[in-house]
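Two complexes follow with chain A in common, the first pairing it with chain B and the second with chain C.
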Partner chain A sequence: MAKKISSGLKIGVCISLSMIAFATRTPITLAALFLCNVSAIMLFNAPFLSILKECRFFLVQSVIIIVLYILKFGWHSGFIPGLTLSVQFVFFLLPGIILSHSVSPAQTARSLSLILPHHLAFVLSVCIHFIHNLIEEMNEIYEAQILRGARISAKELCNPINWKDVVNGLIIPTIIYGFMMARQISIAAKAREFQIYQKRTFWNG
Partner chain B sequence: MAEPLLTIQDLSLKYQTAEKKILNHIHLQIKRGECIRIIGKTGSGKTTLLLAIAGFIEKADIFGTIQRIQTKNMHPIGLILQNPETQLFSQTVGEEVAFGLENLCVPPDQMKPMITNALNDVELDKPLSFKVKHLSMGQKYRLIMASQLVMSPRLILLDEPCGQLDQQGIDALTQIILNLKKKDISFMICEHHEKQLRTITDQFFVMNQHGNLVQTTYQNEPSGNVNHEKPAEDNNVSSEIITFRNVSIAFDHRKQVLSDFNATIRKGDIVAIYGKNGSGKTILLRSLCGFIKPSKGYIHICGHPPAPTKLRYKAGILFQNPQKQLFETTVFKELSFQLRRLKIDDLTIQNRIHEILDRFGLANFVHNSPFKLSYGQKHLVAMASIIVNRPEIIILDDPFAGIDTQMAQKIIVALKQLNRTYQCTIIWTSHEIGLFQSFSTQTILLEN
Partner chain C sequence: MVNNMNSPSSLSKRKKLEYLLFLGFCAVFIFITKALLRLHLNIPGHSMFFMIFFLMLANRCVPLKYSATICAILSGLLAIMFGMGKGGPLLILKFIMPAMIIDFFSYLMPSYDQKYWTCMFVAALASSTKFISSFIVDYLLGMDAQLIVYHCLIKSGGAISFGALGSLMVPMVISRLKAYDII
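Coming up: the complex of A and B.
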């Protein structure tokens, strides 16, 4: 079934789901969007467990957003809007992860090149597909920093005092590593004559 | 006489942000079918030389000339970097090899035979629809090589090809290079200490610390053996600190990585765990720290099942490419991060940090940003940030991959001293079976 769905359609569905997340604010529409995302995972035959694992990082982000809202607006006025915003944010990013698991970078680049310049289509497809690598690296950094003394376990993050450790010990090294990775990818692409001509051909194998 | 493929005359290079030149008055000539090998300390400028030849250096002052052979081929020089993961862009083997052809605007109907030939050249017998993620590290490296060969380069530059490969992968690579040399393809290889590559090398150079390239012979190559005395063995009085009993670990609840693994490690042991790429070394270390739970059997560390937050300050772990763990603004702050958490007084912190930095030859960089150091220096800072805390257990995942012998020696000496003085237990892994074997009281071989 998943093979019968064209990559262009998968990309279209994922972009639409991501955009819809901005407009979805009520519990019923959010629940409906959740079901749509789950359906997309099943229809596109994306690995459910891997996606679930990669979504763990959203938990940290959601906790921070909710707590910030509670601190600013109080429990009664802050909790629901904070929860809604964090869920919207998860639903904005989730389709990108589904897409990266269900469509190959070459297919993504090919489909995107119908609406974007060839080089931009390739860069965008690589960005989507290196999300896994970056999340894996982030996981590795997380584990090493916990043993080094960074207070970033799920339980410790309930205390806002420890949030500084997330920024210093996890987010900064991940961003720096992301830049390093981007540079290496860029050199590797140039080493295979990427951007030597204005256009590219596409293998249809 | 055939025209050389590459002639470098009096090449010097200085990065605009650096104080001194990284390459200094380099002369080099490569002929058809020749293989040049360059060794040198980590951070000596080997990769910079390769990038300069490939034309990828930015923000640097370059003096001298690099003369490449004039050819109609749009891809005369191929470059393969150290990390295979950032050089693979596609999901299937066919798509990956086709990437270069797509960039060269080769018509799609002409691509298939070219892709098949390139895969044959590297002896990668996989269908074109085979998923890249299911290839072993050695196969991935060969796929990257095929991705270059499909564009018919005359010279291929390889940066640390053996850094990520196990013995089987290195043997296969050696044979492939030998075959390609017969087809008049030339190679320039920067590598630390792989003896296997000797059989294919025609010219051998050493890059010294001043950025000079000196031609030499194999007799002068620094020995890969580190002068070891065995660590103090005191097992009769030591207590068990880590126990693995019938441990099986399945990755992502599917693929069985380890099966019925048993081991007992005592306090003060130095344990070397060897295994090929994909044999489960990293998974084993992560389960030891409590980040992965065994699907069968049990692990006990310090008398309890492993839990990351409980092991904090007791165990220190260093994963592969440890420099990515760095985050502070100075080397001093990086090393003092955990010591400050332990509420150790300032004087002790200073003494400990200066002692370890002296030992690693990093004393002059104490107030520098760790991010501005060379690759090898970052590796040492990350290692020092673990050692300085004097944890009871040190866990190191492939700590000698990608660093030179002298640097490895410094690390071994520091670890041995920690082991002797504080009876610290050290567990380290390597994909090179038998590497620095004398730096262990116990060895474990993981079979695939």
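Coming up: the complex of A and C.
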């Protein structure tokens, strides 16, 4: 079933689901969107457990968003909007994760190259597919830095003195990781003779 | 026809692809932080904080021409694809205009990243383009002219403040990346 669905359609569905997340604000529509996402996972034959594992990142983000809302608006009027927004945020990024598990980067590049130059299509497809890797890596760096004693937990970030730790402990390692990942992907692409001909070629695997 | 991987031409191609991919990752970071900051905290321009930071980072880390603009095009495309922000296809202007200012000033002041005040100056100018993009969107929506000016002034004021704050991280990060021999 999943193989019969074209990659273009999968990309279209995932982008639409992501866009709808901004328009959904009531619990009923959020529940409907949840069902739509679950249906997409099942129809596209995406690995449910891997997606669930990657969703751990959203827990941290949800806590940060809810704490910020409570600090600004108080417990009574801040908790529900904060919770709603954090759920919206989950549903905004979840289709991207589903997409990266159900469509290969080559298929995404092929679909995007219909509207973009091939090189930009390749870069964009790689970036879309590595969004969850970057988020996962950021999450791991964040947890490791907290274990090392960096003052970057949601509560500690209320104090502006601790913001420097975010730059040193989270932003710089993530940028270095981005550089390393770009280098590895470019070497892998070169090893597969990427850019050898002017006209785009691909292995239909 | 098959190029040797170690030949200078193939190496430069690979390096170019590596830089393009890094610009793509910067675009992803802009996209993610823009999504994270959609908190409706009633503070205009707060998404400019990370946008200016990553555009400046792309400009300083990647020795390609128009590196910040390429990064902005990629993040704009991501934002349009995922339907983020107001303005539809015009959304890409919000990304490209600050990036063009940053690229322009990197030619005028090649070492602007070494001082905090030059970073803040470039960031403030880049963030002020928010006025133009907001003006276009509000004008197309058919708002009253005087209201458009007030609305855009408030928005661009916030954007300039947050953009300047975001640029304060640039000298520190660039010096650390140079120390680690990354750039």
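Criterion: the second predicted complex is superposed on the first by the 140 of 205 C-alpha atoms of A that agree within 3 Å, B and C clash if a C-alpha of one lies under 4 Å from a C-alpha of the other, contacts with A are read in each partner's own complex, and residues count from 1 in each chain.
Simple rule for what comes next: contacts are C-beta pairs under 8 Å (C-beta built on N, C-alpha and C of every residue); 3 or more make two chains touch, one makes a residue touch a chain.
Given the structure is predicted, the values throughout are model-derived calculations rather than measurements.
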Practice task
Examine A:Lys72 and indicate which partner it touches, taking first as chain B and second as chain C; both and neither are also allowed.
Solution key: second
Practice task
Using the superposition on chain A described above, determine whether A:Gly149 touches chain B (first), chain C (second), both, or neither.
Solution key: first
Exercise for the section: Mind working out whether A:Pro105 is in touch with chain B, chain C, both or neither, as first, second, both or neither? Expected result: first
Practice task
For A:Ser39, decide between first (touching chain B), second (touching chain C), both and neither.
Solution key: neither
Exercise for the section: Once the structures are superposed on A, label A:Arg192 by its partner contacts, choosing first (chain B), second (chain C), both or neither. Expected result: first
Practice task
Once the structures are superposed on A, label A:Ser50 by its partner contacts, choosing first (chain B), second (chain C), both or neither.
Solution key: first
Exercise for the section: Examine A:Met181 and indicate which partner it touches, taking first as chain B and second as chain C; both and neither are also allowed. Expected result: both
Practice task
Go through the superposed model and pick first if A:Thr29 touches only chain B, second if only chain C, both, or neither.
Solution key: neither
Exercise for the section: Using the superposition on chain A described above, determine whether A:Asn159 touches chain B (first), chain C (second), both, or neither. Expected result: neither
Problem - chain B/chain C common contact set on chain A - result: 126, 168, 172, 176, 181, 185, 187, 189-191, 193-196
Exercise for the section: Can you check the complex and tell me which residues of chain A touch chain B? Expected result: 49-50, 53, 104-106, 126, 129, 133, 137, 140-141, 143-149, 153, 155-156, 168-169, 172-173, 176-177, 180-181, 184-185, 187-197, 199-205
Fill in the blank from the handout: In the complex, chain B touches chain A at residues 51, 54, 56, 74-75, 78-81, 83, 85-87, 89-92, 94-95, 98-108, 111-112, 115, 128-129, 147-148, 151, 252-253, 286, 289, 291, 308-309, 311-313, 315-319, 322, 324-328, 337-338, 341-342, 371, 385-386
Problem - Interfacial residue positions of chain C with respect to chain A in the complex - result: 1-3, 5, 10, 13-15, 17-29, 32, 35-36, 38-41, 57, 61, 73-74, 77-78, 81-84, 169, 172-173, 176-177, 180, 182
Handout entry: Parts of chain A lying in touch with chain C, wherever the complex brings them together
Key = 15, 18-19, 22, 61, 65, 68-69, 72, 81, 85, 89, 92-93, 96, 116, 119-120, 123-124, 126-128, 130-131, 134-135, 167-168, 171-172, 174-176, 178-179, 181-183, 185-187, 189-191, 193-196
